[in-house]
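A single structure is presented below for examination.
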Amino acid sequence: MESTSEYAERRDRLNKIVLEQAGLPVKRFFALDQDVYEDGALPKRTKELLGLVASTVLRCDDCIRYHITEAIEAGASVEEIGEALGIALIVGGSIAIPHIRRAYEILGSLEPDG
Amino acid sequence: MESTSEYAERRDRLNKIVLEQAGLPVKRFFALDQDVYEDGALPKRTKELLGLVASTVLRCDDCIRYHITEAIEAGASVEEIGEALGIALIVGGSIAIPHIRRAYEILGSLEPDG
Amino acid sequence: MESTSEYAERRDRLNKIVLEQAGLPVKRFFALDQDVYEDGALPKRTKELLGLVASTVLRCDDCIRYHITEAIEAGASVEEIGEALGIALIVGGSIAIPHIRRAYEILGSLEPDG
Amino acid sequence: MESTSEYAERRDRLNKIVLEQAGLPVKRFFALDQDVYEDGALPKRTKELLGLVASTVLRCDDCIRYHITEAIEAGASVEEIGEALGIALIVGGSIAIPHIRRAYEILGSLEPDG
Amino acid sequence: MESTSEYAERRDRLNKIVLEQAGLPVKRFFALDQDVYEDGALPKRTKELLGLVASTVLRCDDCIRYHITEAIEAGASVEEIGEALGIALIVGGSIAIPHIRRAYEILGSLEPDG
Amino acid sequence: MESTSEYAERRDRLNKIVLEQAGLPVKRFFALDQDVYEDGALPKRTKELLGLVASTVLRCDDCIRYHITEAIEAGASVEEIGEALGIALIVGGSIAIPHIRRAYEILGSLEPDG
């Protein structure tokens, strides 16, 4: 598995390419995609869990990794993330299992004593 | 639009048919689908919002209606539901717009002065 | 719910429009979509169950109805269809539940004493 | 089938509700969703066909109807729309057939002598 | 391509992590996901083909590999698996082609003289 | 990232395996999948952009790479491809972002001075 820092480096490098070359709608969408997770009526912590569940049922490994990292940084506990993944599994079905497996692998690599 | 009580009646009638006729795995899955939204590390209110976002990005109108109703009953505010739908729209894209429209229509019909 | 004969009438009427107006690739695809369910190494009965599970996890009500009807005509039992729907539910998750409900409604309407 | 003017009326009424009640990210996304189809390196006519193919493989009837209407207004011919639908059918598979059927029904209702 | 034994080792290692750390709903779902493929009105062999078609139209390579292996162990012939993949291709469309290619690669590696 | 020539080699090798072993429906579908992008009412260049948008909203990296290569060969400009990807992003949402990133990486590797 690509490490979290390797992933972050690849993500930043490619985002830079996209933002240099893409047109205005793509740039505005990228900004919107940042803003929508900021504190509001719901705290960022909850919003990152919403992003995580959406990413898991839509089965995007890069997105799952991103939202797990952000959720932990925003103060979510491993137990809360586990419950969010449980909901994603029930809604999304067994087709989500390989992604749930990788989510737990990422989670293990991010924990203080992981 | 089918009213919320018509929907609930249809839902209960069909669930009864399924649970009478389906085999054990389907019955056990239906039970699991209840349990996973109960209070835990995350409160039921948050879990219903997770279910709502999953349902919106997967574009299931019946599921959206169900989780909006449950979220409101569990104490979620209209503003919190709106923010959850906003995240679903950004993650799921414009293809989710017709479902977001219907979600707001349902939300309007459930509010005290709706 | 639209009755099975109303559905069949609507389906035939629209297929006729498509086949009159569409280009060659669409026509060839429609033919292929017939041929692939014919008896081969696997009997048509099993192939219709494969089509049913694919239609259920992809959540297409018209397709579910079509394959249930064809499976029954090809000799599948209600119990076999129920087991196929159970697999579709586990693979596809709770998002498939509204479609499973409607599948049982259709199944009920097709049975001799339904 | 809901007529094109009934659909347009329902769409406008619900959009108004969403834009009155939704937060800033949803409003900004709706604006973006308008802008991205405007003339650029590709003409609006081609962009509406791109939106139509995306809507068909993602199987959203309201979106299909919207992009067919916009494509025709922007000067696309029935033959061009038919070829776009043919590509959507090959990429998206037989699960798209019910949507292709309804697309041809809409197309028939929009043509001068439809 | 990861070999079948490497895949099995990775799968087992990650399943162990998930089952140690995940909550009760996830554990119960994993059990259900085993039970649903057992012999019943339909034999396990047919059920694994149903799982294979579902996995192919939902485009999950790990799931495709798993169900091909299980289907072969349960006595399915290469020709039967090929017909199941053909149905998945017609239902799911050309977007499934890269997964069909990898399915044939896996199938080749599992055959006695592969 | 696998290079474009490595990808083409792998694609050809696996297509050969599929076409040797698969049944008639798969072979006929592969032929159809070639024909549908040929010049017609719409030029091949536009059709490849339609295929690219469909591939991006359905999130298939191999398919995205294939249609970008074909679109460039058929005369599409980088700016036109960028606008097509922008539409795919708005329709498909942030879940498409990792694929958009890889699309720009591929695009960079194909340009004369990339």
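Letters A, B, C, D, E and F name the chains as they come in the text, with residue numbers starting at 1 for each one.
Keep in mind that, in the parts below, contacts are C-beta pairs under 8 Å (C-beta built on N, C-alpha and C of every residue); 3 or more make two chains touch, one makes a residue touch a chain.
This is a predicted model, so every value here is computed, not measured.
Engineer: For subunit A and subunit F, which third chains touch each of them?
Structural biologist: Joint contacts, listed by label: B, C, D, E.
Engineer: Where are there more C-beta contacts: D-E or E-F?
Structural biologist: Result of the comparison of D-E and E-F: E-F.
Engineer: Through what angle, to the nearest 5 degrees, does subunit A rotate to match subunit C on its C-alpha atoms?
Structural biologist: Value: 180 degrees, nearest 5.
Engineer: In terms of residue numbering, is the interface formed by subunit D and subunit F classified as same (over half shared) or different (under half shared)?
Structural biologist: same
Engineer: Relative to subunit A, which chain's C-alpha centre is the most remote?
Structural biologist: Result for max centroid distance from subunit A is chain C.
Engineer: Taking the mean of the CA coordinates per chain, how far is subunit C from subunit F in Å?
Structural biologist: Each chain reduced to its C-alpha mean, subunit C and subunit F end up 30 Å apart.
Engineer: Using the average of all C-alpha atoms in each chain as its centre, how far is it in Å between subunit C and subunit D?
Structural biologist: For subunit C versus subunit D, the centre distance works out to 26 Å.
Engineer: Roughly how far is subunit A from subunit B, centre to centre by C-alpha average, rounded to an integer in Å?
Structural biologist: Going by mean C-alpha positions, subunit A sits 22 Å from subunit B.
Engineer: Would you pick out the residues of subunit E that each touch at least 2 other chains?
Structural biologist: Correct list: 23, 25, 29, 32-33, 36, 40, 54-55, 57-58, 63, 82-83, 86, 89-92, 94-95.
Engineer: Please name which positions on subunit B make contact with subunit D in the complex.
Structural biologist: Within the complex, subunit B touches subunit D at residues 59, 78, 82-83, 85-86, 89-90, 94-95, 97-98, 100-102, 104-105, 107-108.
Engineer: List the residues on subunit E that touch subunit B in their complex, please.
Structural biologist: Touch list, subunit E to subunit B: 23-25, 28-29, 32, 35-36, 40.
Engineer: List the residues on subunit D that touch subunit B in their complex, please.
Structural biologist: Residues 11, 14-15, 17-18, 21-23, 25-26, 29-30, 33, 54-55, 58, 60, 62-63 of subunit D touch subunit B in their complex.
Engineer: Along subunit C, where are the residues that touch subunit A in the complex?
Structural biologist: 57, 89-96
Engineer: Okay, in this complex, where on subunit E does subunit C touch?
Structural biologist: 32-33, 36-37, 40-42, 46-47, 49-51, 53-55, 57-58, 63, 77, 79-80, 82-84, 86-88, 90-92
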